[in-house]
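Multiple structures follow.
You will see two complexes here that share subunit A, one where it goes with subunit B and one where it goes with subunit C.
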Partner chain A sequence: MPVYVDVARCIGCRSCEVACERVHEGLGHVKVHFVGDSASVPIFCHHCEEANCTIACFSGALFKDGERTAFDVEKCTGCGLCSLACPFGVVWTDKIAHKCDLCDGRAEPACVTTCPANALTTDFELASRRARVRAARTAAQGGRR
Partner chain B sequence: MIRIDPDLCLGCCSCSNVCPNQNIVRTETQDKRSIHWKRCKEECDLCVEFCPAKALTLVPFDESVPEPEVSFDLVACKICGSRYATEPMLRRIESVLPAESQKDPEGLEWIRVCPTCRRNIEAERATREMVLGRCRKSP
Partner chain C sequence: MTRVLVPTVCPYCGAGCGLFIAVEKGNPTGIEYMRDHPVSEGALCPKGNAALEILRHQDRLTSPLKRKGEGFVEISWDEAMDLLVREMGGAIRKHGPRRIAILASSKCTNEENYLIQKLARLLGSPNVDNCARLCHAPSVVGLNRTLGAAGMTNPIPDIASSQCIFIIGSNLAENHPVISRFIHRAHDDGAVVIVADPRETHTSWMADIFLQLEPGTDVALLNGMAHVIIKEGLFDGDYIAKNTRGFEALRESVKDFSPENVSEITGVSPDDIVRAARAYAISPASSILYSMGITQHTTGTENVQAISNLALITGHIGRPGTGVMPLRGQNNVQGACDMGALAEFYPGYRKADDPETVRYFSSAWNAEGLPLGPGLTATEMIDAAALGEIKAMYIVGEDPANSDPSSRNVHGALESLDFLVVQDIFMTATANLADLVLPGAVWAEKEGSFTNTERRVQWSFKAVDPPGEALSDLEIVCMVGRTLGVELDYPDAASVLAEINRTVPQYAGITRDRLGESSLVWPCPTADHPGTPILHTSGFKLADGRAAIVPVPYRPAAEESSWDYPFILTTGRVAVHHNAGSMTRRSPSLISREPDLYVEMNVADALRLRVADGDEVMVTTPRGETEARARLTDGVKRGVVFMPFHFPGTNILTSEVTDPEARIPEFKVSACKISRRD
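Right, the complex of A and B next:
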């Protein structure tokens, strides 16, 4: 259950970055990247099924907990191997590692509840419905030129 | 006292992070990382236990043994050129991850790319997908 991003809705305000930092004592786990003038894309942990970070972690600090890729700060030695093993560059090491925990203990991740553009959701059904609606609309218009 | 096998050391600084007495000193410049193990009398073996490469061993204290120091040239990102990791750390990642996952769909060896550039690539991919979705006509 990762956070799904609707790139077409993202307005590049970086509210998700701020919300993430706010609830994680200043260490944020999401970064908004700008692609020229065409888009802004918040880059999140995908909570991969077979997560490279958990394979690279030798101390057992990173592990799969159901769909979540969880992190136990007590076991982390700050070696940074996880950061190098993540293909998306979303496991961070500042002395110790930190990554998206989907705001463990909150009903919804803070980035999702904060996003003013409704670009983020944890609801796969909603994300996929939006994508289908958009595809159908574009097709009905004969594709945009 | 700690003995170190420089051939095994990854340069990850795990030992320096876990040492309760700051006896393992890490210095980093823009393109080089050095680790210096001070002669230590402690019988604690946290650094030995938490070395991912098993490069450290606890040996009896000996004044005559020089304090070991290991230096690593930091590897430059293939895209932006920023120095982001030691060569043995990247080799370690390449050895533990399945071979088929070490190249992205475009054939890029992403392990040799720094995390910031990896995020940029992901952002560009997501943008491309969105733009294509806007243009796609019905089949």
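Right, the complex of A and C next:
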């Protein structure tokens, strides 16, 4: 159940950042990046199936738990290999590793609920349907918006 | 440990999002999202997420303060009231009540605003106003004239059912972020989104058609669209015939606004003007959303009327998905206006210059000597203070020393008062000039109703006590009233709302009992009325039931660029800050994301001035100068620069020239020059 991002919907308000920090005692796991003046993209943990961070982690602190890339704080040595291994730059090491935990214990990740623009969802079907609708419209209009 | 979730209404913008505050042992410990809220559906913007950071902030005022030399000393409430009766009471006795002025607060509840304006009027002063003067005064004047009601005509979620959304002069993606979700929803269903703004903004990212007009040329653009709609026969003749008057005069007045002529004035291509006009006119349901980019001009009222004209000639009003939507910037600026905290209106928009109004309230309040005639507006109060015509002021939860234009002059005016009382939650720039500072409460420390931008009245519950000696603003206003010898005895907000139910017809059915369960949208005339989410469904509340189409001439902005001041400075907000910034600049997770005042300028202009991204530059207008960090962009055209107004530096620069009718200053157009700092 990773978080899917609809970049066309993101309005760059950074609410996801503030919400994530709020529910994780100040250590946020999402960063919104601005691409010139024309777009903003929240960069999240993808909870990769073959997650580089889990492969790099020799202590077993990072591991796959179903769809989730989970983290066992007890096993973390703070070596930082996971931060180097992550291709998206969303695993941080600050004494120990920290990364998106999909808001364990909440009904839905805080970033998803709080996103004012509905740019984030955990529903893969919704995310892919939106992409198809956009593709269909672009095709129908011959590439014009 | 028991954890209670207290439902409250977010204290920032006018969207009126709901949020729960988690309270454990009397302490606020967290925020929970309110998923079944009709507007926010659980969402919160960054400011809403950070709201708790100001609730228990170390800078909160916790005791009344009296000026002593350059500083302040803590005093008791009794001493504060002694000082107040001596100085404020003294000013009234010596100079008469018309020489004092009161600013109500669009951050306070309806009940508090009702009491603040009642206090002013019971004292005999017509001079009561609120910061709506600096945001939507032209909407109040303009829309009351053309449509007979000034509020948003349709609710926020209704935008999702629109087939064409025309956003002009509003960066809602940053200022009212949750509205974006409804625009996306409409867009998914095939709606065309048109955005008109001098800047490429986060809102313009949503646009199918983006019209980048020169600042202050809105009337020309809107008249140009009306020209196209009339010329191409895209207007709704039936609707015009049945529901409006004045169409022929409009047809005549927009004759010369051909797309080519309008393009010359606005800088928007003729093709885009035609595309936008056609898209707006032919869709089955089109809505117009606007905000400060329309109102904060010397032509603010005219801009609003030009918008109203477009909606009326196409019949895009009074149905789902249509409407004229002024988006209001503060959590209760709509309510403060409804409650009569305005120079020209008593509660319920009863005209202050109508003797019948005074008769009505004299009887309703059992009072004599209520003032007739419009009082001084917020901007006029400051001018009058500078001239010595206003001797004492009581300012509740407003920061004119930061938020008014040409703020150096405002400082001087406030300093020249014989006595200034400021009631606030932080030591703002205005409070710093006061003789007496009274510590008020934030939203979560009191209960009462707030009215959001779509006229939805919601009850916000008390989560925690105010810090230290601070009191709810309702208690303070009642205490001030008793001290000054007027009868203001209300035990709680519910008892004030009961009086509002009797004296404000639009709120007659919005009782405390009904608000406990859910929210209601005014007008709600009776206790069993469901509320009125969509206005003007059958005719208009004007003399003959018809809306007025009012031809609007185009006038350029008061200031234009010159040899000495070659750039046009326009101002606005960013997502992580709010208004004068006294709250958000103290909120760690917000200020860390936007810590400095910056000036956005075109890359080509910067190159010519040898300014690089991030350089410190000096921005100068005839009113003063300010340091800011250059932010280079292609998002503003050459010759236009932008600064957010959340930092004290910005309004040192802005122009104090006002709209002749609504008295709103032209914050959005100031000629300036920019120079390197070395």
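Quick note on the criterion: the second predicted complex is superposed on the first by the 144 of 145 C-alpha atoms of A that agree within 3 Å, B and C clash if a C-alpha of one lies under 4 Å from a C-alpha of the other, contacts with A are read in each partner's own complex, and residues count from 1 in each chain.
Quick note on the criterion: contacts are C-beta pairs under 8 Å (C-beta built on N, C-alpha and C of every residue); 3 or more make two chains touch, one makes a residue touch a chain.
All values reported here derive from a predicted model rather than from experimental measurement.
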| item | value |
| --- | --- |
| Fit-or-clash call for subunit B and subunit C when the two complexes are aligned on subunit A | fit |
| First, second, both or neither for A:A56, with subunit B first and subunit C second | first |
| Subunit A: partner with more touched residues, subunit B or subunit C | B |
| Which of subunit B and subunit C A:A39 touches, first, second, both or neither | both |
| Partner chain in contact with A:C79 - subunit B first, subunit C second, else both or neither | first |
| Which of subunit B and subunit C A:K31 touches, first, second, both or neither | first |
| Partner chain in contact with A:G89 - subunit B first, subunit C second, else both or neither | first |
| Which of subunit B and subunit C A:T138 touches, first, second, both or neither | first |
| Angular separation of subunit B and subunit C about subunit A, which is computed from CA centres of the superposed model and rounded to the nearest 10 ° | 120 |
| Partner chain(s) touched by A:K64 [first = subunit B, second = subunit C, both, neither] | neither |
| A:C115 touches, of subunit B and subunit C: first, second, both or neither? | second |
| Least Cα gap, in Å, left between subunit B and subunit C after the two complexes are fitted on chain A | 11 |
| Common ground on subunit A, meaning residues reached by subunit C in one complex and by subunit B in the other | 38-39, 145 |
| Subunit C to subunit A touching residues, read off their complex | 30-31, 33, 35, 40, 42-46, 48-50, 173-174, 177-178, 180-181, 184-185, 188, 190, 200, 202-203, 205-206, 208, 575-576, 589-590, 593, 633-635 |
| Residues of subunit A defined as touching subunit C within the complex | 9, 11-15, 17-19, 21-22, 36-40, 110, 113-118, 130, 133, 137, 145 |
| Residue ranges of subunit B in contact with subunit A within the complex | 10, 12-14, 17-18, 50, 52, 84-85, 89-90, 92-93, 96-97, 101, 104, 110-111, 114-120, 122-124, 126-127, 129-131, 133-138 |
| In the complex, subunit A residues that touch subunit B | 5, 7-8, 31, 33-35, 38-39, 41, 43, 52, 55-56, 58-59, 77-81, 83-90, 92, 95-96, 131, 134-135, 138-140, 142-145 |
